[in-house]
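Here come two complexes built around chain A, the first alongside chain B, the second alongside chain C.
The block that comes next holds the complex of A and B.
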């Protein structure tokens, strides 16, 4: 066997994203073991579909968290809800309006991200407080605009989000595409370097000529735009926008970043890990549900597993 | 003590000794709604019903005010502070949908001590001085299994979708379902997930557990989760079992379409969001001098194969099947309980 290949294999556990994928494989194996391998394909397809939603919001959150301590976007659920509500209301089930509807969702994202940034920059409010209070505004706008009524997505959009292409769910393809683009931006573009520099030492970055405020604005706006996009697809996937549709995704968006091996202190992030974390978040719950454990045990186990993975991933001798 | 005071005292005694007579004037009474959450279609319908019935009662001159207040964070501490504000604002009655059955008891007691009538509904409070308009959630769970037993005499495997873990309503419905299963031993619950009363969460949870489940003949639910379950089961390529629905318009629409396509039959049950308006009228009746027991029960709203079309017709798109209660309904509920 090629020596460099062996070296690479032993190197794997030192990759920050390795543990999330390893745990996902274990959870998948444990679940299918229960049924002697039956249902494996179904579980894999469900995991790939649902993980896509978590991965897309997780990528946005990852860029924000990379900016360093105190940077987190708590307005993701409300932005998802507002974008989905306005877009579905605008489309009103009309096939011809699918693309303009997407435009509406993206505009909501631009607006929400811009507003979040304005609060942080102009009013000098800490990001946690700014995005949290802005989220009340977005949620109230969503309530006010449609009073919680569920509007059906256009048929063609519903079919697209639940459909698949050569056996791979469409949502997975979109999630992977966004992940690849994010990877290129983060690892291969000057902007990615700036984001990391911002997170490692904002003052040093500013002094060395990084346009820090542009970096921060673009980061918060992309997080909101990705949240809006997820809201648009999730609402089409699940048969309509609901006021509480984003609630789960606040915790998930942060969890996938942490599980995926990105540094919660900022400055160092990791795109493949987001997908690993997203798959794991779905598979853990499925595994514990399949083993019939009660809600209490399930929450304790989920927490323990997350702590275990974060501990393993941040262990000694971490590869860069 | 002069004659006048004695006469007044005597009159008061007579009024106390002769309860049950609607004699008092309620036109100057101000009623507030303390609501802990507004973020789903059920709560929105509840607020809308309150607004409709309350503003009508105000314009008819039956009460002076019927204001609704909702806390933003669904926290008991926040709602307790809200109730304290209502006491200071001088409301005569507070109608509560509570974030917790016990955590608000201190604030509720303060309100009672200030002479305020407190009526709780849906999310009830255990403080003895308050009135409770409760739904028999346990019975709601039990009837689901009973219905499945009538449809599927041979029994079989069931999937249970629960609500939000740790909430009283979830425990009650679950207990009812367990009781139903123990009464109908041919049924077995082979899987249980938490759907948080939301279609997208249920869809996700069901999609995750389905691959490991044997064939299931029925799905017992808690409301707001049936459509998501149907979507997940359809996506997995399985035959759709009998899914008990929870009165949401999208669930009923799906049911009607499945019925037209291949004669699908099921049952749908939930509480009507308009139960808030019943609490409103009960508060008004207490002012009016009616003798009202502290614990009242309101029947849940059931939609069957026969009533599906008319209920679907009456329910706004994307909302929940609803009933608004009138003063006469409140009187009937009170006299039934007495």
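The block that comes next holds the complex of A and C.
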């Protein structure tokens, strides 16, 4: 019993998601060291909240990236913005409409994902270009319906997204719940096996009876639905939908997948790493912030650290 | 689609769009009008060629927009105040691009993530240089971009030059063939004794070079710079390469097509404003045009395949 525990402990560094969490702990330590341990709890709670948003979009992106080379969803920021704008406009600050508003957001996600997939399937457009050009359309729709107004979310919803349950932020709980569901889907369901098979060898998967087109459709749609869900919560969290609210989530959604140890070439993903990557992305920024660095230096450091992590983590065991 | 048809569709879409613009606004059919229509297309065309260099070796560059912005900031500050230092910085930037290419190949990194990370680095450097919009364009680039050659406007001359030079470089020279071969089959290139790392570094250096040209030209047109001046170039350049008949893999690219693709995208903006379309829909309409052209391309390639099949059967 004891021995197997020790074995498991030494086994940890070999897990693909280990390094993301280890680096997060380091970044957390470096930040709290500067403040002599003060504000540690606040930082942790902020990290858990913001990481939840990144983790939810990251999970959607992870499923898409698992499908293999060329598969990436570039429409995530636009889908987030569009869903948030339409949902908040629909709710118009009224408490009774909170759940129907969520329905509107999810419908936007379904529609956007379905449209993305239709472009990929019917017009045979490479996914990068399909999601990119579709995102232009979503962005225009959002601009058109938003008209520069900032509609406030219903009070209840704002309180819920900023509140916490026994000390754990509500958003963290939602993010963890979605992560657990995703883990079950990816690791324990036939659909997860199909997604991985698609990414490892699409032809072999099709020949062995995997309904490849169903797999691809469901994957793109779920990515868009998770993006719209994040948009709905993020807009309520930050007091309204803004047209640029999704902008930074394009990089984040891809970065958390790669930092978390999933293969960018597809076919091999892991869910815990998404949370590790999401925590790390937030903690790096807050660490650089607390060292009093300006916006420019902070951006440079963030970029360098991402490249450094990717360069250190990959490059082994892949044939040329 | 084979090589001959590859260029046909971009040419047709540009011609169609141009005809539509002239129909809506006959006054655009003049020296001045053409210059106005295509002026801002020059830096976009250069950025598209830069993106094409990366797509030629099966990678994608998500940092080209921030890189062009960074170059614009350098041009409006150092290149204007201390030209020697400015040139040195721009050369270092091209070297950095070459280094990235080598790093991506040697460590087998995903280009999409590395360039996404680099977009933060270039963005950060640009913010450090110009925290708020400003700077001054060097006089020589300003006069170069506003020169008025006889008969044909500068913008058109520049685009023809860009297309011609990059076509010669990539499609006609032996180095160009090797670079495209890296995209086609890197393993075969390595087996026949070439260093893929060096070739990839070369392709990235070319991308850096054209990115620098794009930034310098942009400042020549706008006379000042800011850190976000060219962010949309990332998406425009990818779209331009695809519109021009390029593909994501296999080293299948067309420099002339890429320039035409960039012109088409730039023209789409003018076309929409002539249509009196609300600015809200400008971005969306560009997306719609992109989808439309790709749909037509699909029809072309299907028709093409049917002909081939018919020829084989008959």
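The rule we apply is simple: the second predicted complex is superposed on the first by the 306 of 320 C-alpha atoms of A that agree within 3 Å, B and C clash if a C-alpha of one lies under 4 Å from a C-alpha of the other, contacts with A are read in each partner's own complex, and residues count from 1 in each chain.
One rule holds in what follows: a residue touches a chain if its C-beta (ideal position, glycine included) is under 8 Å from a C-beta of that chain, and two chains touch if they have at least 3 such contacts.
Owing to the predicted nature of the structure, the values given are computational and were not obtained by experimental measurement.
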Under the superposition described at the top, does placing chain B and chain C together on chain A give a clash or a fit?
clash
So, does A:162 touch the first partner chain B, the second partner chain C, both, or neither?
first
If you stack the two complexes on chain A, which partner ends up touching A:295: first (chain B), second (chain C), both, or neither?
both
After the superposition on A, what does A:265 contact: first (chain B), second (chain C), both or neither?
second
Just chain B (first), just chain C (second), both, or neither: which does A:139 touch?
both
Check whether A:200 is in contact with chain B, with chain C, with both or with neither, and answer first, second, both or neither.
neither
In the superposed model, identify the part of chain C that clashes with chain B, out of 169-177, 223-231, 241-249 or 295-303.
223-231
Taking the two structures together, which residues of chain A meet both chain B and chain C?
136, 139, 143, 295-296, 299
Could you please specify the touching residues of chain B with respect to chain A in the complex?
38-41, 43-45, 48, 72, 162, 165-166, 191-194, 196, 198-201, 203-205, 207-213, 227-228, 231-232, 235-237, 248-250, 316-319
What part of chain C is in contact with chain A in the complex they form?
60, 103, 106-110, 112-114, 116-121, 123-128, 131, 186-187, 190, 235, 238-239, 242, 248-249, 278, 280-288, 290-291, 294-295, 298
Given the complex with chain C, which residues does chain A contribute to the contact?
70, 72, 119, 123-126, 128-129, 132-137, 139-141, 143-144, 251, 254-255, 258, 264-265, 294-304, 306-307, 310-311, 314-315, 318, 320
Applying the document's contact rule, which stretches of chain A touch chain B when the two form their complex?
31-32, 34-35, 38-40, 42-43, 46-47, 49-50, 136, 139, 143, 146-152, 162, 234, 237-240, 242-245, 247-248, 282-283, 285-286, 289-290, 292, 295-296, 299
